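Chains here go by letter, A, B and C, matching the order in which they are written, and residues are numbered from 1 within each.
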């Protein structure tokens, strides 16, 4: 059985995070589970989801978990590699849905520790620009930063993507 | 006596800069000096200051220097480690206070060279997003970038924080 | 004759990209070609262009290519080092000029492969902040990210600038 491991793939918009994460998972034998957190609110988002889906080869099984990500991870089959794409949208869904982010992220961290398979998490780094004027945006980037720190502390590997190339952080 | 050294800790919002910088300073024997540049303009800022302060153990002495940072550094006791958190707020205070930024940063650079103790400077990297529409924000990120370059040139060590983990730049 | 090589210098605002790229090119014997993509729309931009130009020593020849960058690269003299500063402005000019970005970037990638000299490309990393509210800004950062990924894939060397210091990506 493929042993457990936790990898965090961080990076900016269009930095090749998803593609790199898919390659990490596809390096293991199929079947692979793709946990999608995206919700198609508008046309732009529908196009992005379709683009990502069209790129993935056969061998992928998709699970949709816009909010119930910890539950989805608790149901992973031992030894079957999993990709979560992405935490940024999950966090957005939690905040817009007025869920308790602290409780949800605690559940996520616990669920990640229990996955008995390679687990690759994708998330956007959003904290390297000017302080946003919008209070919701400020709250979002604070929550994202805190979540990344906690996940990185328990991850086996952390990479920061630049122009499609991974820089090793841990 | 603990020899002098200059470390620059850069990173985005909630990237673990302060925590990492505190750990660097606490690796030396106490007493440690915390030079705070924050001014509590509003509730959000008051909460952030209180959070940072609550985290620091005994052994820290706090000096407030929202504008008079070079002077504060000239008064450092030889051999006593110092943390400045953070340059971003100091620069904001200078700009909002309509001070001469070029003069003040020249004084800061000179003062840093004269500190006879380990000195750790924390600052936010703010230049990796889209060009801000706001002219003041553009000026701020230009000034911050210039200051970081000049400090990094004379620093012994520069780290870039990602998800709470330091990447070595220098 | 100096052999061909492709270097991509990425980084945020005021991270020392241009200065580093100039030093890379000036490490080769002159003459050097500076391909400028800037258009002086306003005073702020005119000041930035003048600052950059004042810094460059004799030995540089300047070619202006706000849109016709692939053509400029096809006319490079074999063995003469070239600096393009910067792709961000070229992409901005394409988008504002309503050109076909996919066609233009395809031409750029092909032209880069044909340059028989050291070629250093400078570009801004703009995707590490909060998602911009402005649709044009979102499109711009998507196009920039895609372009960087494609160039990085065919580059011999990619660096990410932090505070004037290069971090090796590739």
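What we mean here is this: a contact is a pair of C-beta atoms (placed from the backbone, for glycine too) under 8 Å apart; a residue touches a chain by one contact, two chains touch by 3 or more.
Being a predicted model, the structure only gives us computed values, none of them experimental.
Chemist: Check the residue numbers that subunit B and subunit C use where they touch, and answer same if over half are used by both copies, otherwise different.
Modeler: Because under half of the interface numbers appear in both copies, subunit C and subunit B meet with different residues.
Chemist: What angle of turn lays subunit A on top of subunit B when you fit their CA atoms, given in steps of 5 degrees?
Modeler: When the C-alpha atoms are superposed, subunit A turns by 120 degrees onto subunit B.
Chemist: With centres defined as the mean C-alpha position, give me the subunit B-subunit C separation in Å.
Modeler: That gives a centre separation of 31 Å.
Chemist: For subunit A, write out the residues touching at least two other chains, lowest number first.
Modeler: Touching at least two other chains: 12, 125-130, 141, 167.
Chemist: In their shared complex, at which residues does subunit C touch subunit A?
Modeler: Those in contact with subunit A are residues 8, 10, 12, 125-131, 133, 138, 141-142, 144-146, 148-149, 151-153, 158, 160, 167, 169-170.
Chemist: Considering only the defined contacts, which subunit A positions touch subunit C in the complex?
Modeler: Within the complex, subunit A contacts subunit C at residues 11-16, 44, 125-130, 132, 134, 137, 140-141, 162-165, 167.
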